[in-house]
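What follows is chain A paired twice: with chain B in the first complex and chain C in the second.
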Partner chain A sequence: MELYKLTLASILSRKTFAIFAFLILTLPFALPMMTPWESKPSLLEPARAQMAWMLLWTAAIGWLLFQGATIGDRWASHGILEYFKTLGVSRWRQMGQLWLSCFTVFAGMMVITFIISTFTAMPGDAVEARHWLVTNLQYVLLFLLVIAPLLALSIALGTRFNGAAAYAVTIGIALYGLFGIGYLEVFLADNDNPVLNVLYLVSPHYHLSDLTSRLVFKLGAIEAAELTRIAAYLGGLALLTVGVSYQFFREGK
Partner chain B sequence: MTMKPSQFASPVLIAGGLALAVGGLSSLNHESSPLRHSRNPFAIQGSAYGKLLARLSETTIDRVWHLGVEQIVPHYMSGIGHGQNGHDDHGTAATASPAKGALLKSAVAGTPVVASPQSKTLLHQGKRWFQDRVIAQHHRTNPNSLTDRHLATVYRDIEEMLLRSFKLDPTHYGAYDSYHLFLTTHDFGGTPEANEQAVRVANAAIAAAFQENEDPEPWLTAAAAGMNLYLMDAAPYMQKGETIPLGILKEYRDKIGYCLTRFEEIQAQSEKVGNWDRLSTERQMEIAERNLFAKRTFKQFDAMIARAEHPTTPATPESDVAKREESDQP
Partner chain C sequence: MNASDPAILLPQGLRIGYRSRFRKTTPETVLATTETPIELGNGRHLLLARNGRGKTTLLKTIAGIIPSLTGKISCRGIVQFVDEDLRFDGELKPRQIFSALFKNGQRAFAMEMAERIELDIEKPYGKLSKGNRQKVGLIVAEARTRHNGPQVLLLDEPFSGLDFAARDKVDQIWSEHAEGIVRLVCVHPDEPTLKADSAIAIREGKLEQIEVHNGTLDWLETRTSLN
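Showing the complex of A and B:
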């Protein structure tokens, strides 16, 4: 686990994570006060949960994927990964340790989000409170299935190409899966072009992991059967992404 | 040469992942509920942030409207209110409509309009100086007004912005009513498609209010939407000079009456729990005035229904309404 320790120490000493951690801690409480809540105070609590999750997505796309891409690039360029290869650390282990070091810091942000979203916005009604807790747990699961493999991809692309390119490709995929598909749908509404329709089907439908509306509008937890389907789909994409990432991973440039 | 098990792992993951994803996708994408993007990422529309953004977007729409359609410096930038300065107000720009191909003589002649200083203190003069620069920054010097096609693009942009703002907060009076007005005003919309859209928008505003039992304001928006729906339904009869069928009158009296009753119930409750006191006096007065206006218009329904039920009585609707108005006054 030497590579893990080395990478974690490097991330911690750079301290950029502190900016995002600070934002995740404070903005969910500050920003709801800027909304027109005066005539409807019940807006405040869902707005807190909503902002906490939006910031976690922002930190994942803005910080985590960037961190993975630059670490992969830097370690491969500086020969660190070659060195660990000579020590007998396999490619899978290297990728796993780099992933874990980035994720260790990010896990702290996830815990903050989960606590803010679950416990500072819990509905008073007992049944609704249960649904609220379950929805938050479901959200954590689906969020992990999207972000965790993308981090592996950004690391792997970083080791092969340069950091900026690796980051651009990974956030491109993430943003396309979260938002871009919605625009493609509008385009497909009156378009029977088979190529575009196939493109739609093979696109990564990451937007399925966005359960924010279930929290904001108190829709309740997603049904178990439906959650299994979404988790199976996103889990499949995750395995695929990790498998592809391994193919891109290189110890040296 | 033997292959290590770790070399198999990646192809196995890719194949297994593909199979799982395809299986998940086909079970997600069935006929009854096809796979669809929510078009509302992170539930912004309709949330507290949606309400905030809908209010913030008013300024943007105002700016595009004044610079693009009226072709004058927006009032919020210049600090000059409506009618305060005839030299560069709506009237002059409107006569220079592109349809007539007229030149914007009045707006172009001479230097940009400079707002009159209201105070002599250094602080105010300093602020005034910047405001005058902002006016100059947006002052139109092109002698030609926008072409028809350019203006059509501006209209479409405004429509899109109004729709976006309405989606962000369908319960907001400003967002709903300005969009409705835009759709039904003959110069900009007024087509059958735009009227259809206006009906959909009004129904969406009413549906949004029905979810509300804490904030009274959405019910006033719903009452305004009901009134707009009534006017659209009644328009064909009014154009032909026929009396409006009793069914329509009664239907809308009930609908709008319900919205106004709900407004008053929730407003009273809001005063009781202290939400009402948190609003500024200006906001309270604005809501109260809007309520008074809605109530006054609503009262006409009783008069019109009475007239439709007893068509033989001498028709002096104006005096009837006037009497009711007078009896309103404390």
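Showing the complex of A and C:
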């Protein structure tokens, strides 16, 4: 786990994570207070949860994927990965250790988000509270199924190309999967275009993992069968992404 | 040579160089070949050649980073390749690097070696001079050899940027820890301060072993023969 420790030390010494951690810790409380919440105080808590999860998505796309892309780029360009290769550390293990080092720091942000969203915004009613907790847990699961493989992809692309290109590609895929598909869906509702239909089918439907509106509007937890279907779809996509990432990953440039 | 001793074996007919991974019809670029087998055992061996003749390619081929064109190199021992361009993050201090990479005895050795070769372990890597960065790579390589088992250490121009005093101290440390380690050290022929048990040279595309008498090379002769 030396590559893990070296990369973790590098991330911690750069300290950029602290900015996002600070924002995640403070903005869910501060920003809802800047709205005219006095007119309907019951909206304050769902707004806090919404803000917490939105900030986590922002940190994932703005910080985590960037870390992965630049670390992959730096370590491959600086000969670190080739050095570990000569020590017998395989590509899988190298990719895994880089992934884990980035995720170790990000896990802290996830925990903060989960605590804020669950315990500072939980409804008073016992049934609603149970649903709230389960929805947050489901959100964590689906969020992980999207972000974890994208991190592996950003690392792998960083090792092969460069940090900027790797980040641009990964952020593009993430934003398209989260928001772009929504526009495509609207377009397809009015136009029957076979090419776009195929594109829609093969697109990564990451928006399925975004349960923010479910929390805000208190729609309750996703039913088990539905959750299994979504998790299986995102899990399959995750396996595919990790497989592609492995093919792109290389130790030297 | 004992079967448990570290060794590098370059077979007869070994060819090192590059071939295109995508265009199979592109001819190979052969940098060097062996006409007789070369066996490097315990001790310090120099790798000599002029620029672009395949020194780093040979080290990378031995380390398994790139494949040989023909022939199979065998290594007995834990292989480490420390590239001349090995760089750590600029924000990391050498102390943090050693703490991340080593524990216990190896870490203690790294700290002790840093003191001996006068490396400031509290200064960020990005602010170290070229020579001091080279010291970090050398320490990483040496500290890792501090455990049981045979070791094969491949060092690509480890002394570039190091002053004479640091070279002498590294030389001394190598002499103190010579057992169970093959050190193949790539150097320019104009670095006359190193001792060696043997040397291999790349001359006119051929990998050849050069005799070394009394642990020192005839530098002038070597330089002339490489031209």
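Here is the rule we use: the second predicted complex is superposed on the first by the 253 of 253 C-alpha atoms of A that agree within 3 Å, B and C clash if a C-alpha of one lies under 4 Å from a C-alpha of the other, contacts with A are read in each partner's own complex, and residues count from 1 in each chain.
As a convention for this text, a contact is a pair of C-beta atoms (placed from the backbone, for glycine too) under 8 Å apart; a residue touches a chain by one contact, two chains touch by 3 or more.
Note that the structure is predicted; figures quoted are calculated from it, not measured.
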Superposed partners chain B and chain C on chain A - clash or fit: fit
Per-residue touch tally on chain A - higher for chain B or for chain C: B
Which superposed partner A:K5 touches (first chain B, second chain C, both, neither): second
First, second, both or neither for A:P41, with chain B first and chain C second: first
Which superposed partner A:G124 touches (first chain B, second chain C, both, neither): neither
Which superposed partner A:V242 touches (first chain B, second chain C, both, neither): first
Partner chain in contact with A:P194 - chain B first, chain C second, else both or neither: neither
Lowest inter-chain C-alpha distance for chain C and chain B in the superposed arrangement, angstrom: 13
Contact residues of chain A, present in both the chain B and the chain C interface: none
Residue numbers on chain A that touch chain B, as the complex places them: 31-32, 34-44, 46-47, 50-51, 53-54, 57, 90-92, 178-179, 181-182, 185, 201, 205, 207-208, 210, 212-213, 215-217, 229-244, 246-247
Residue numbers on chain A that touch chain C, as the complex places them: 2, 5-6, 8-10, 13-14, 74, 78-80, 82-83, 85-88, 251-252
Chain A contact footprint on chain C (complex, rising order): 60, 63-65, 78-83, 85-89, 91-92, 96-97, 99-101, 144, 154
Partner chain A, residues of chain B touching it in the complex: 6, 9-25, 27-29, 35-43, 46-49, 51-52, 55, 214-217, 270, 275-276, 278-279
